[in-house]
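I have placed the structure first, in the form of structure tokens, so that the comments after it can refer back to it.
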Amino acid sequence: MFLTRYFSEIAEAVGSLLKGMRMTGYYFTHHKEIITQQYPDNRATLVLPERFRGEVVMTHTENNEHRCTGCTACELACPNGTIKVVTKFEVNAEGKKKKAVDKFVYLLELCTMCNLCIEACPTDAIRMAQTFEHSVYDRSQLTRILNKPDSKLQEGVE
Amino acid sequence: MMEPGLYHMLFIGAALFFIGIYGFLTRRNLITMLMSLELVLNSVCLNFIAFNKYVWTDRLDGLFFTVFIIAIAAAEAAVAIAIIIHLYRSHGSIDVSSAEDMKH
Amino acid sequence: MWNLAQLTDLIHGWLYETFPPAWALAFEMIIVGIAVIGLFAGLGLVLVLMERKVSAFMQIRLGPNRVGPKGLMQSLADTLKLLVKEGMTPDGVDRFLFNLAPFVAMIAAMLLMAPIAFAKDFQIWDLNIGVLYVTAISSLNVIAILMAGWSSNNKYSLLGAMRSGAQIVSYELSAGLSILTVVVLTGSLQISDIVTAQSNGWWIFKGHIPVIIAFVIYMIAVTAETNRAPFDMAEAESELTGGFHTEYSGMKFALFFLAEYINVFIVCAIGATLFLGGWMPLHIGEWTAFNGIMDWIPSSVWFFGKTFFLIFLMMWFRWTFPRLRIDQLLNLEWRYLLPIGMVNILLVTVIAILKWHF
Amino acid sequence: MMKGETIVFYLLAALTLVSAAMAVGTRRIFRSAVYLLSSLIGIAGLYFWMRFEFAAAVQIVVYAGGIAVLIIFSVFLTQRAGDDMPTPPMLRTIAAAGAALLGMGLVMLQLVAHPFPTPAVAEVDRSVSAIGRRMLATGDDGFALPFEVVSLLLLAAMIGCIVIAMRTKPNQP
């Protein structure tokens, strides 16, 4: 029947439009749900989501020890060639030579924060930090060495 | 003669009429000819209103004639433009000379 | 109390005592002109800021909040920027029409101010054909858009202008029909008559369902007529790079922009006058105490309150609905709004003849 | 000193006549349409000046809002931007101008010579409701029949436009 279809179309259209207007009207009347961050002003109180990925850092304990064994699994996992692990051989107390990390070079300018290196790391030595203010005046400052000077491998990490 | 009255209105009406006639005679483009015709119709309307205002003040006939002329002009313009656009589609031009094959 | 007629009478009397009549009339015209231009500037500033704030809140944003307290000076800063920008005239345009078009848009908007009753006894020109005058002059708007579109010598502008022409000419019919429903009930085209006819209740309350339908159709049709989203086919940034005002910059663009907002204000003011009682306060039957309190609120506050409510409604449409395609747009008008409007006006005529309205 | 009303009249008359002359004189077709529009608005202003508000509003609604837009649309559909119309041949221009001037002279001679009757004093009520009553009255001074005839004519014009503008299918000859 033509007329019933005509009017049911109109009723349907009006109903769906009112639904949309109810949604925007809800947002309009609930100012507390505003998600805009007034960024530079609220830097002190800024809370980032837990899973936000800013840059790769290496965790160090208070004794200046890290957990990186220099296995280069992260280097292999990285799709962009962001990480270069320079290794050296250390002589341990028993007189054996052992591979250890010399410089963990991280090229921030190439990194896409894809998290693959963190997943590849067998010893949980690196993690994603939440810092995001990365702008610098010189590109060379984006090349970072993640292991702190004179840091040692944590005991018991193989 | 400074105070505007019937003669001023009739002068404007006559001038508009002959401006329209001049345009109708010189132009060969159908749309501009239609525009000239609109001027002619308007001059007639103006005369009707002027006579209603200054001579037969106790009647409304001039106003009614104007309203009916405007309605007819609207119908005429709509039909004319439909014909013009159809002519443009079939002949690719709206010059009156392109419509000459209707003679045969 | 709150009587603006005393103020206007005072100025009128003083002018006619001090100056010869011709000069007094000229001065009155100048005063009215300055008042209208001042209202334009004020409305432009307020409406632009309101639109940005409303859109921001509806999209869970904050909106402008840097210039001045809570961003209140933002539109002032925008105006300053547009004023000092270079007004470019591109090569190959029809210079005369290109520069004339924004002013035609402004003049049409200014002429529309004449019959609007801003408060009790506060009206520039109480024409006996008030509503018809408004529909007549508002159709001049399309001419400015067509002029801008053609003279820009740009295919996007031309397309925008043609879309806008088709749209405005067709939606004018629906707007006119819904205006006619109120005219049928009132029996007069004069704005002051229409307002006083609503002293015992606004038409939207005492006109039964047909007037409500007419109100809905009116709001849809004027949203289309002022080229606002979801009917902004003439500008359609994402398809036509701005449509008819693609080539405009600086002050000429600002005039188009301002004319759009003034038109929004005017159609909302007319809608408020026709359906929501203009400056008439809300009265409910025999509740004298309630009616007394409502009378105490000045009439201009009532008028602007209703108008801004309708403007808010239009902004709500704009920031909720997606843009229509041109064929959907014409479908909506010719298949739905126009037939419904015609049946509606028949219903209203029956109601008016049988005196069912109260 | 002239009254304000007189000045307004002369301004409106000048607007009407000058823009009408430019409408038939210019070689750019879109400008011609815009000048025609301003001439029509000038005539509406003259109606306002004579206190025929209803006629003025109808003039603006139908001419400015309808016919001018139609004409501009047909210009959009049939012309290219930037094209000028060719100048008419000199002979035709002179002949047309001569004919128009001659006719104008003859009409003006008749006009000045003819005495028009003095007006009846009482002005009839020209409000919209009075116009509406006359429009639908069937008596001696009613206009119900022309009204119906015009509405029939509009219907016929509408059907005619639809028939003319209907696109014939491309595969048929």
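Residue numbering begins at 1 within each chain, and the chains themselves are lettered A, B, C and D in the order written.
Going forward, a contact is a pair of C-beta atoms (placed from the backbone, for glycine too) under 8 Å apart; a residue touches a chain by one contact, two chains touch by 3 or more.
Because the structure is predicted, anything quoted here is derived from the model rather than measured.
K.L.:
Starting from the Cα centroid of chain D, hunt down the chain whose centroid lies farthest away.
P.N.:
A
K.L.:
Could you tell me which pair, C-D or A-C, is linked by more C-beta pairs in contact?
P.N.:
More C-beta contacts join the chains of C-D.
K.L.:
In whole angstrom, what separates the CA-based centres of chain A and chain C?
P.N.:
Distance between chain centres, rounded to whole Å: 51 Å.
K.L.:
Mind checking the centre-to-centre distance between chain C and chain D? Centres are C-alpha means, answer in whole Å.
P.N.:
Distance between chain centres, rounded to whole Å: 28 Å.
K.L.:
Express in whole angstrom the distance between the two chain centres, defined as the mean CA positions of chain A and chain B.
P.N.:
Here chain A and chain B have centroids separated by 76 Å.
K.L.:
Could you please state the distance in Å, as a whole number, between where the Cα atoms of chain B are centred and where those of chain C are centred?
P.N.:
33
K.L.:
Can you list the chain A residues in contact with two or more other chains?
P.N.:
none
K.L.:
Looking at which chains touch, is this a line, ring, star, complete or other?
P.N.:
line
K.L.:
If two chains touch, include that pair; go through all of them.
P.N.:
The complete list of chain pairs in contact reads A-C, B-D, C-D.
K.L.:
For chain C, which residues count as touching chain A in their complex?
P.N.:
Per the stated touch rule, the residues are 54, 57-62, 65, 316-317, 319-321, 336.
K.L.:
Name, in rising order, each residue of chain A that touches chain C in their complex.
P.N.:
So the residues of chain A touching chain C come out as 10, 17, 20-21, 23-25, 27-28, 31, 33-36, 38.
K.L.:
So in the complex, which bits of chain D are touching chain C?
P.N.:
Its residues touching chain C are 1, 3-4, 28, 30-31, 34, 37, 41, 53-54, 56-58, 60-61, 64-66, 68-69, 72-73, 75-76, 81-82, 127-129.
K.L.:
Which chain C residues qualify as touching chain D in the complex?
P.N.:
Touching chain D from chain C are residues 22, 25-26, 92, 94, 96-97, 127-129, 132-133, 135-137, 139-140, 142-143, 146-147, 150-151, 153, 158, 161-162, 165, 169, 172, 187-189.
K.L.:
Would you pull the chain B residues touching chain D in the complex into a rising list?
P.N.:
Checking each residue of chain B against chain D gives 2-4, 6-12, 14-23, 25-29, 31-32, 34-36, 38-39, 42, 45-46, 49-50, 52-60, 63-64, 66-68, 70-79, 81-86, 88, 94.
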